[in-house]
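In the two assemblies presented below, chain A is common to both, partnered first by chain B and then by chain C.
Our next item is the complex of A and B:
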């Protein structure tokens, strides 16, 4: 039964036999249901029996997919949408796909062959009265398992161990079932898998509900519908649903950043449209963006991280940026040092939204071609600024080694030379004041442009490993939309420990804030065998801190208060002052 | 098709103040500039050709170009004159197709690149040629470039086919390899000589 057992779903042990039986029966008994639900925007209703008969040998697979929509599981799925995945529900869903595949007579190992199958289909598909392409893709997905001859190459077997071992998966597909993106593996190889996701989401949607979350063992599966796209995250990191949902939302925003919402409209108008054609070459950018969630809280906090820099150097940067923006009639100017912001020029009336800045820096840093070229000019859409239009980004690495990169954004597509002239002038101004050297130096001292716990005063929770319980923290200044955090130092010096840090913060963050972003409480403390985590909201800050597991709540709060008082004295070099 | 770039500002507008604006007003005694745009399918090696030409480097780990990259390079031609190439290396992806006019309008030369080991990229090149014939300035010099000439084993497009198509459309033709550097500089030399010979943009006349 192959792919659907694959990755994270391997953990879905059926624990409720009744659910499984019910689904099995459903597939046998239900007839004549409409396939319209799987055909994207199309509302044609082709009675399955008709589609089935003209498909002859493929008929079985064509409608046995509907078994998910049989009477028996309907209740189960319906509950799922509301209950967010209580164990019996999820297991019945799991066995649902299982029995689906089972009745198709698939060989246990024939894995996803949907691509080959879908290429093999056209002859038979043509015989069907007006078969939507999406429907064909669907048929293909089950067909792939039925037709073992087609189950060749896709070669997921060698990869699948690695694929299953991933802590997180992201999938994007059109609601017509066309694969758009996967964080790991290839969209082609996963076409059948995506078809099942589509079936699940479309089915629940067709019942006037929406599938939101499934919990299975240590896996959390979160679904999100945005326009004609379905987005799915599968995570075993222990991140809460709210965090995964936000990440899916940002993944969608990133697609818009590359293609504008015209992409959504094109897909909605024409479900046959091949979405991946337009995304060509951006997979790496999206993958790096998704990977950044593991190490950066920017998305969770909706804030950016400034580079720690001497106040006078920062002042020079801001003046130069502002004049460059004004001279070139740009909208925004940003100077980045890697993923951190050195300076930002923005009109007061249209401050750059944190999510837009996050997408912008992901787009710029994630595209290697900007680093290789001297100067580049590229369209990018900032969805919060305007989801329907491109801005034009002038991108110039002032110093590829330290990752110092200037980005000027203009609404005019012929602005290149104006922007380039301003950039050249800015580069001269910075060079005259020795700013690039100051930045390189800031990146070389302990902390590498971040705070450094061993160098901080003991009163603020600093000190060498063993002398302080403080292991890591994030200090956010909500009024500025910025946060600072220390570089990872011992005991968090190995990647295995570092990757636990952000999920732990995400859990306390989700406990603190409602989905609308309102704080439910001011202090939240959790402790387990490996760490104590505190979230604390003060008048002008939010702080999240991680301590060794021995520290109690009162001591943690006291440390945080002293830490915040100390940081307050460092604002000038830690944060970017507001501009314009 | 493509996305809604044009909706941010209609492409016609770009025409008024094209990217090549500077070309029209060089200072006295300035080195003549040649604005050259590279067009062609994704993955045919446009960026590799430019990097080979401008920096003498070849990086086999291909980086997909985003938007368009700009580089300028001054060069001494075989006849002793100096020109400055302003090179626009455009992205080959479909989503950027609607932006191409921004780069080829006002250009004095276009290099349409295909991969000799890909018949499909040759078809795409033909598409670019007809777009240029339709929309670019009438006197733009076009050179058809068959890249990856080192891939003799996988060749799908014969030299004759390229040559013949170029002649039929009054274009220059050359086969190159960014990997071995074969003929790479010749693309730019040939274009410069052609422009000088024709006096098309009269750029080189200013030298005397």
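Our next item is the complex of A and C:
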């Protein structure tokens, strides 16, 4: 990821316009290499030719599926011939990819391919004279067979247990069936599996419909089509469909943040392009981003979480940030402490959208290279700000240990030195006022920069475990686009219990708000064997609280009211004031 | 893709029902053999095979992640697909275009219509597998299911159909039986009548194997188990009761046509689920009209299968006032005119009294309406339901209906996860208080009552729970 660092920022010079031109030309092979260089060249550790041949064999082996999906079948025989010529197992092993799929790498996939290929020959012969409805029927049954053999193959492999047992999966593929990304395992080894997703979505599309959700036992599978990409989430966490759809939307936005919507346009123009090459090494950033949904409600609430900090220290931060932004002609300035926001300087008229801020912090925090480098300058696309262009992010870790990180965003690609000067001055200003120490101290006290239920007053629901029924809460100030929540404390000190918390909120939130964000319910109380959740929308806030399941509901209401009154008194310390 | 899209819009039926066998049609080119029944019956066989193929593909795909329950439902932008494995390897599928819904409908409610369909199918024909065992070509099963699906499609597909209306009533109890509690004297009378019939000897044999007594749609007494009772009540409310009503208050058109002989021949072809297949014969018997009891012939009774005992019985309806007594006669017993006369003599005097008594009690009780609230109470173990009348449920505002829908969907989801309590307030002045304790659940709607906060709403609901459902949801 050396290209993210300042000395090599010139490598990014071809901005969106030139990039788009470049992408439009030449064969897909050339495009891939070219972009690979632009992306920093770390996308594949294997020779392109080896990867290429292996992918071709996958493409060939999943031929039948693409044929089912309605794509051009004319290359079928040619591709099948290729499959015979280069044994898939061999080439997959050669490339060294796919062994970490959890499903035993390439083998099951290739076994599936073998089944498909054996079925494909008579099938393709039968398909030619059968147009229209008959063809659809034929495709559907072939699809059924292919999916069954995939299920059998995945199921037969012992290593697949771990892969299948994951609480959540995310897959991204192009609408030509090419794998782009998977949260677990390797895209390469899952090519056959993704081809089935593609075939199913395309089949439903050919019926004049669009596949949205499949429910199977405790699993919810959500499908989303965005431009030339298909995105799929599989979850057994109990999260509602709306939450998963939002997460897929954000995953797509994150892909755009890295690649801009040129990616979409290029795929639309040339479906045979191998999109995975573009991502070059950023898969881990995406995986960390997806994992953050399990612990952070930022995406669900469309709000950010500020760091709890003394009001005077925050004031200093904001003043310094604002002057840095003005001096360097940047659009936004953000000071992050880990995933929380210490301060934010933004023009009132163009406030940074919560989703963009989420992507920005994921982009910056997810990549270790920013942390390792003294200063970095990298293009990022913030889709809510402008989906077609890059902003240029100057990233500087003021204190890598506490995760204190300054990000200045400028629309100009030659702004590095201006931004660096402003950042240096800001760093001096903060150091003089002792802000870094104040932040380090804030991160060390109980709660680690968040509220801490055992340290809160008993009237507001605080107290040690056993003395209060309040287990966790989220308090959102919609006008500020911010929320606060406490650190996990007993009884939620076990990860297994912690991972139940966000899905429970997500269910309540999905019931209360429509997908467009309109409130359908103003009060929601639910109690089951494991917890009671009370949520309501007040005049200036939304509150979501989880209690011990045995708590009386009147007591829950009273506690929530006192908690909100107490938080109101702590606003200066808890929230970032609006700036500019 | 524009062309196929338009084509699709033109041809897709708003409601499709399908029954298929995953063990059949595995040979390429014979995929259509999987389909045992499809509604609408005139759907292209390739469309049928393609629908089944897609469901199987989705099922196989989701079984990669969830092997225990593969693909229960699929939502698409324009349609909702719900599946139900009614017998091992035998699946039922309902595809509803979203344009068909007139309001929110839960997946579970759609699945329940499939469960009811299977229950009625089993009641009339025994297990589906038995039909396939009898005739492995599937011809017999297809014949039976064809008639059944056509009837079910009619009741469910049309907005005037009983099943369609129940599905769209936010407070309907659907598959459960609406039990009507009676005063003690009346209840004793009912019990005495049914006990007398169950032991009555005619010609040295006991002809009556079971009995179920209804007053209009309410169930008063049943000697059968819960599942058989539910299926029989469903059959009665879809066919026998409407037939009785039509005979008692004939429309002008039917009075004219009833004199035409051709209608008799037409009736012979009708399905048991069709009300026109039934006729009311003095002194009040509901018989399949084709069977006729003229000239001293024994009436042919429709045969039904009891799930509990696996026995077959002949079904005979006896109508008196608002009451409908369903008698299950032993398979070997011929419904000769003498037997019918004996049964009528034994049952009718008491039945008329019960009908009058029940009508009086129902008028006083105002059909379960509880002023001030709308509600539905269900007991999943006893398959019992008690709910505000549909006419009252229909007075809820659209927002309130959506709110009830959401809360009941929440309870459905929690069905396997133990007890649950949900209290919500909509964006308007409406509260829904729902509770699920063991196999019982209730949803109470408080609309326009001015409750300001959660505690007030919960207190009001508790008051109703105490006064009308005491001890049931503790």
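One rule holds for everything that comes next: the second predicted complex is superposed on the first by the 421 of 580 C-alpha atoms of A that agree within 3 Å, B and C clash if a C-alpha of one lies under 4 Å from a C-alpha of the other, contacts with A are read in each partner's own complex, and residues count from 1 in each chain.
The rule is simple: a residue touches a chain if its C-beta (ideal position, glycine included) is under 8 Å from a C-beta of that chain, and two chains touch if they have at least 3 such contacts.
A quick note: this is a predicted structure, and the numbers were derived from the prediction, not measured.
When the shared chain is aligned, no partner comes close enough to touch A:506: not chain B, not chain C. Of the two partner chains placed around the shared chain by superposition, neither chain B nor chain C is touched by A:253.
Once the two complexes are overlaid on the shared chain, A:164 sits against chain C while remaining clear of chain B.
In the superposition on chain A, the chain among chain B and chain C reaching more residues of chain A is C. By the document's definition of touching, of the two partners only chain C reaches A:523; chain B does not.
Looking at the shared chain after the overlay, A:370 reaches chain B, while chain C stays out of its contact range. With both structures placed on the common chain, the touch criterion links A:216 to chain C but leaves chain B unconnected. When the two complexes are overlaid on their common chain A, residue A:408 makes contact with neither chain B nor chain C. Put simply, chain C touches chain A in their complex at residues 1, 4-9, 12, 25, 28-29, 31-32, 44-54, 56-79, 107, 402-403, 406, 410, 414, 417-427, 453-455, 458. The touching residues of chain B, when paired with chain A in their complex, are 1-5, 7-9, 11, 13-14, 17-19, 21-22, 42, 47, 51, 59, 63-71, 89, 91, 93-96, 99, 102.
Within the complex formed with chain C, the chain A residues making contact are 122-123, 126, 132-134, 136-144, 146-148, 150-151, 154-155, 164, 169, 193, 196-197, 199-200, 203-219, 221, 234, 236, 241, 507, 511, 518-529, 534, 536, 553-554, 557.
Those residues of chain A whose C-beta lies close enough to touch chain B in the complex are 258-260, 262-263, 266, 277-282, 284, 363, 367-370, 372-379, 388-393, 411-414, 416-417, 420.
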